[in-house]
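This is the structure I have questions about; it appears just below.
All chains are identified by letter, namely A, B and C, in their written order; residue positions are counted from 1 within each chain.
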Amino acid sequence: MEGDGLCRFGILTASDRASSGDYEDLSGPAIEEFLEDAISSLWETVRIIVPDEKTQIENELRDLVDNKKCSVILTTGGTGPAPRDVSPEATEAICDRILPGFGEQMRNISLKYVPTAILSRQIAGIRGECLIINLPGSPRSIREILDELFSAVPYCVDLIGGPYITTHPEVINSFRPAHARRE
Amino acid sequence: MEGDGLCRFGILTASDRASSGDYEDLSGPAIEEFLEDAISSLWETVRIIVPDEKTQIENELRDLVDNKKCSVILTTGGTGPAPRDVSPEATEAICDRILPGFGEQMRNISLKYVPTAILSRQIAGIRGECLIINLPGSPRSIREILDELFSAVPYCVDLIGGPYITTHPEVINSFRPAHARRE
Amino acid sequence: MEGDGLCRFGILTASDRASSGDYEDLSGPAIEEFLEDAISSLWETVRIIVPDEKTQIENELRDLVDNKKCSVILTTGGTGPAPRDVSPEATEAICDRILPGFGEQMRNISLKYVPTAILSRQIAGIRGECLIINLPGSPRSIREILDELFSAVPYCVDLIGGPYITTHPEVINSFRPAHARRE
């Protein structure tokens, strides 16, 4: 799997309304569009839509890592302070370790656009060889965050044993220390 | 209670010296003065002064939420690294969930004024339908933080089921996404 | 110990390669060089090199605090997302409390230089009367962080009962509130 350099991205939309069909999922496609614009190495996606139920999100995340062998999972929705928002709790429950810098920087990025970014509880963590990142629900916020944050993702995936991801430098200038660059 | 739009604010001063009467509590009044300047909807306060004892702070916070029906509690004092500073621990112990963005942003705001802001361990969290925020002990720091951070508080209170708070826009330009605005 | 104002600094290098002798430890000396440049009061160091083993790091940290009576410990290495990186876990395990502002600010400082600073999980905390800070492995990053962050360290050590540290103001302009200054 790592051999051929193919990276499988899980995209999980947590939304009561999108999962019941009351509402079109716009966030999952926004993430996929970002990947199309940014990634120059081989990739594919597995997309899931689930209601805002902690156990269900946990089960889907475990399946995306352990069975579907995703190297990166981007979740969207369920990161706010409302009682039905449980994506960070589900993520923390199935991760081996948390990377606190992601939550901090995602909030700092969004704070440049809206003061209520402070309310987001989004986190990122590692399960096995997979990096899992919580994104907010709004397609605009998703893009603002990924445009600024994704440059650190390829090197993180290297460090946890995943495939070598490359990006289109005019979209994402991904960074690796000199000793980790392939050419 | 939410019907009439009245918001009850709990103000809890944690201070050994203020609670024993050795020292006049200046922080509680500083918070109340901010509320007078900022809030344009109906509000009232419940003020409490307690020593820096974790169990006692926990009990008072529970009482302010569960019995006194506060929608927002602002604590002051007890956020530093000294052994008697226990306000964050007491807050975490009685909250259902933590909102990490508040602690991060409060430290970032204070860092613009003093490098020792890094030492503050202040947090914010939710218990039931109440938002609880730890503020530092100094009246000047309290005001610096509230002036910048309070714009996200009314929408947070909306999301957890509390009353609709409005502010004087020349003091606090509180932000709600378009779909959450009443007019 | 506090009486004479001598401050003992523990410097712990966590590195599989440096501890086996495959690689010269450059990080420990970089920290010692910073202390030489910055500290004007009496100080001495205890230096330790250990492999990236959680239990071993924990044991050495406990010994540096409880037996060697260090007032500040600076660790280097083992803060990334790779499976062998365990310094933050070991630090958290032996601390009485965490000071979240340090991790946040250290990442913010390093983010000015490299986007992958977001991957660092470094933390700081207190055990007894000792402040423990995780630094990254690269000598350049260590210096970038200490140059900006150390100004808050002397006052923190005051607050937890340690010796009165002073610094050369042209290197580190250490900050204490007016009431805490000795002259």
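One rule holds in what follows: a residue touches a chain if its C-beta (ideal position, glycine included) is under 8 Å from a C-beta of that chain, and two chains touch if they have at least 3 such contacts.
Just so it is clear, the model here is predicted, and its values are computed rather than measured.
K.L.:
Can you give the shortest number of steps from subunit A to subunit C, where adjacent chains in the path must touch?
P.N.:
Each step joins two touching chains, and the minimum needed here is 1.
K.L.:
Could you classify the subunit B-subunit C contact as same or different, where same means more than half of all interface residue numbers appear on both copies?
P.N.:
Under half of the interface numbering overlaps between copies: different.
K.L.:
Report, in whole Å, the distance between the mean C-alpha point of subunit B and the mean C-alpha point of subunit C.
P.N.:
The separation of the two C-alpha centroids amounts to 32 Å.
K.L.:
Indicate the residues of subunit B shared as contacts by at least two other chains.
P.N.:
104
K.L.:
Write out the stretch or stretches of subunit C touching subunit A in their complex.
P.N.:
Touching subunit A: residues 80-83, 89, 103-104, 107-108, 111, 114-121 of subunit C.
K.L.:
What residues on subunit A touch subunit C, complex-wise?
P.N.:
97-102, 104-105, 126, 131, 149, 151-152, 155-156, 159-161, 175-177
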